[in-house]
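Take this structure first; my questions come after.
Just so it is clear, A, B and C label the chains in written order, and each chain counts residues from 1 on its own.
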Amino acid sequence: MEEQPKIAIPSMVVGDAKRFRPGRGTFEKGGKIYSTRLGLINKQANFINIVPLSGVYDPIPGDTIIGIIEDISQTNWLVNINAPYPAVLHVNEVPWHVELGETSKYLKYADAILAKILLVDETKKIILTMKERGLHKLNGGQIIEIQPIKVPRVIGKKGTMISMIKKYTGCRIIVGQNGRIWIDGNTDGVEKATRAIRKIEAEAHTKGLTIRIEKLLKNRR
Amino acid sequence: MSSSVVPSIKKDFIYKLISEGKRIDGRAFDEYRSIKIETGLIRKAEGSAKVKIGNTQVLVGIKMDVGEPYPDSPDMGVLTTSAELIPLASPDFEAGPPGKEAIELARVVDRGIRESEIIQLDKLCIEPGEKVWIMFIDIHVLDQDGNLFDASLLASLAALYTSTVPAERFELGENFKLPLSKDPPISCTSVKLNNAIVIDPVLDEEEIADARLTVATDKKGDIRAMQKGLSGSFTIEEVKKIIKASIINGKKLREVLNKSIRG
Amino acid sequence: MGMKKPEDVILFKNNKRIDGRKPDELRPIKIEAGVLYRADGSAYVEWGGNKILAAVYGPREALPKHIQDPRKAIVNARYNMAAFSVEDRKRPGPDRRSIEISKVISEALERVILTEQFPRASIDVNIEVLDADAGTRCAGLTAAGVALADAGIPMRDIPVACAAGKVEGKVILDLCKEEDNYGDADMPVAIAPLTDEILLLQMDGHLTYEEFEKALDLAIKGCHIVSELQKKALLKKYERVLEVE
C-alpha cells in the first residue's frame, strides 16, 4: 500500500538531519531538514526530496521538449520552451542544410518543433538540438500546455497512462518535458484526449486515477 | 508562463474546430459563458461590483467628490471613466500609464453609460455653475481571459446601481441613492474567426480573431452604442447577425444584472 | 501619524482600544491562496478593512535585457492602490509613496527567495490594494508571501509582516485607521519567521528605546500569528489536490 504523501511548504520541517540527508528542494539548519518549496515530501534512499506541486519548467540537458519559434536571425532561431528563458537553436543543430540567411525557409515565426535540450550553462543559457532521430517540426494537430511538474503523471508508469489515452482516442500524442503536449487526430479524439489530460493535471496526486481516466475515455462523449 | 507567441498549430486547430461548428471550450457559437456578479465589496467606494465571466474578472469602484462643473453644462454633474490593465491580471499587461487598449476600454464603457443618459446628471448639481458632484468610474481588471468590454460595462452598471452619494461626508445633507434611470444599455461582444462569428470570446479566441464588434442594446432592443475593433473586417450581413445575437443575449445579461442589484 | 486628534476621539481607555481590541490583539484576518486564473501564483488577504490581492508571475526572462543580473533573479514587487480604495479617490498610477513601498517590499522578499537559482530572470509580484484601512504594506507583503509559495518559487521562508505602534503612551499591535492617524508611532515590521530575521522595518512618530523594544517584541509576536494563517491557507488549497473527488 502506497503511503499517502504529505504536503510541504517553504520553511516547514520535513525531516531529521540525523536520519536523512537534505535532497532536492530542501536545506539543512540546526539538525533539521526544511522545505524550500510547496510540494510533496518524498523519501528516497536516505534523502528527503520535495516534489514540487507548482512552478516553472526547469530545463535539463537531454529533455525532449516542444518549442515555439519566437524570433529568427541569420544563423539561429530563438525558441520559447516554456521556461524562464528562451533557448537558442543554431543552424548547425538542425537536420537540414541551411544556407546563410535562409533560416526562415525552414522554421517560421510561431512554428512548433520537437527538440532536445543540448546544453544549459551557469547563467541558464540554453542550447537546443534537432539532430537526433525523431526530432522534427510539428505539423497539424493541437498543442496544449499543462503544468510541467504534472508531465510524469500524464505519461504514467512505463508510459501506461499515455498509451491508454492514445488507444481510446486514436490520436498521436507527443509529451514534451516542458509541459507542452502535441495531439493529432480527428477533433473529437483531440477534444477527448485534452479532457483526459486536463483531468490528470487536476487530480495528478490522487489514488485510483488510472481507473477514473479509463472511465472517462470509454465514455462515448 | 512566458508564452506570448501563439503557436500556428493552436491557431490552425481553433480554425479547424470552427469549421466543424465547435469552439475550444465546447460552447456553441452563440453561447455566453456563465456570469457571476457581486456588489458592495469595497467599503471605501461609493459603490462597487465584481463581475466574473468564465475566468475573466473585473472589479469596478465608484468614487464621488465635489467640484466645479464644465462651463458648457453648469447644472450637470461630471462623469469620468478610467480603466487600468494592471500587470496582476495578465503576463502581457505592463505597468505604466494606460495604453491604447485601456483607453479604448474606458471610453467604450463611458460612452455606453453617458450616451444612454442613465445617470441623471442634472440631479447631481449642488449649486449651478459653482458646485456639482464629480463621479469617477474606475475599472480594475483582475484576471484577463477575454471579453473585457462586456465584463467592464456590466461591472460598472452593477456598481452604479448600488451606489450611494456620500452627501454627509461633504456636509451636504443626507446621503442618497445615486439617481439613475431604469433601463441601462447592455453590451455584447462578438469576434470573427475563420469567417465564423462567435460571441463572448475567451482569450485564446481573442488572440487570433480578425475583427471584434461590441453592441450595446437597451430593454426595447434598440441599439445604443457600438465599437468595432481589430484589423479585420465584417460583411454587412455579419454585422446584422451580430446585432441580432446581441439583442437576444443582452436580454439574458440584463436579467443577471437585475438580480444582482435588487438585493 | 501626525494628524491633530479631534477632542472627542479617545484612542485608549480601560485597557481597550478605539475599536474594542486589547493592546496585543490583531484585527480579524482571512487569507486565501490561489485565487486568480492567469497568475502563476496568487493570494487574497482581508485584514481588518483591508482587501488585498497579490499575483506572482515568473520566474521569467527579465526585460529589457539590460536589467538582467547574470548571478540571480531580480525581485520586482509593485504595490498599487486602486483609485477607489481610499476615502478621497487616488489618481491611478504610481506616486512617490507607492514607489517607496514597492522598493522596500521587493528588498524584503528578495532576502528569502532563492534568487540564485534563476539568473537573468525576474520574479514579478503585483500587490493590489482594493480597499485600504491602515496597514496595507504589511497586509500586502503577507499576501505576497503566500502568492510566492503558491507560484512554486523556492524560498528559505515565507515572509510575513505586522505593525506595532503607540497610542496615548501605550504600545499596541496592528494599528487601525484612527490609531494610525492620531497615534504617537507606527512601526511596520516584516520577518522571516523561522529565524526572526528582520526583512522590513520602518517607523514614524516617537518611541523611547524601551517602547521600541516592547513594540518590536509585539510586532514579531503578531507576525508569528499571521504566519500560521499563511501556512494554513496554503495547506488548505493544496491538501485538496490529494483528495479524490
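The rule is simple: a contact is a pair of C-beta atoms (placed from the backbone, for glycine too) under 8 Å apart; a residue touches a chain by one contact, two chains touch by 3 or more.
Bear in mind the structure is a predicted one, so any value in this text is a computation, not a measurement.
**Q** Based on which chains are in contact, what kind of graph results: line, ring, star, complete or other?
**A** Graph shape here is complete: every pair of chains touches.
**Q** So, comparing C-alpha centroids, which chain is the farthest one from subunit B?
**A** A
**Q** Determine the centre-to-centre distance between subunit A and subunit C, using the mean Cα coordinates as centres, and give it in whole Å.
**A** Subunit A and subunit C have C-alpha centres separated by 34 Å.
**Q** Just curious, how far off is subunit C from subunit B if you go by their C-alpha centres, in Å?
**A** Spacing between the chain centres: roughly 32 Å.
**Q** Got the subunit C residues that touch at least 2 other chains?
**A** Within subunit C, residues 40, 60-61 contact more than one other chain.
**Q** If I count partner chains per residue in subunit B, which residues reach a count of at least 2?
**A** Expected reply: 1-2.
**Q** Provide the list of subunit A residues touching at least two other chains, using ranges where the numbers run on.
**A** Expected reply: 56, 84, 86.
**Q** For the complex, which residues does subunit C have touching subunit A?
**A** My answer: residues 40-41, 58-61, 70, 114, 118-121, 149-158, 192-194, 231, 234-235, 238-239, 241-245.
**Q** Taking the touch rule as given, give the residues of subunit B at its contact with subunit A in the complex, in rising order.
**A** Subunit B reaches subunit A through residues 1-3, 5-13, 16-17, 20, 22, 26.
**Q** Hey, which residues of subunit A end up touching subunit C in the complex?
**A** Residues of subunit A touching subunit C: 4-5, 7, 9-12, 25, 27, 29, 34, 36-39, 52-56, 84-86, 122-124, 149, 202-208.
**Q** Under the definition above, what is the set of subunit B residues touching subunit C in their complex?
**A** Those residues of subunit B that touch subunit C are 1-2, 41-45, 48, 55, 57, 59, 61-63, 65, 82, 84, 86-91, 95-98, 136, 138, 140, 142-145, 169.
**Q** Mind listing the subunit A positions that touch subunit B in their complex?
**A** 56, 68-70, 80, 82-84, 86, 108-112, 138-143, 145, 182, 187, 190-191
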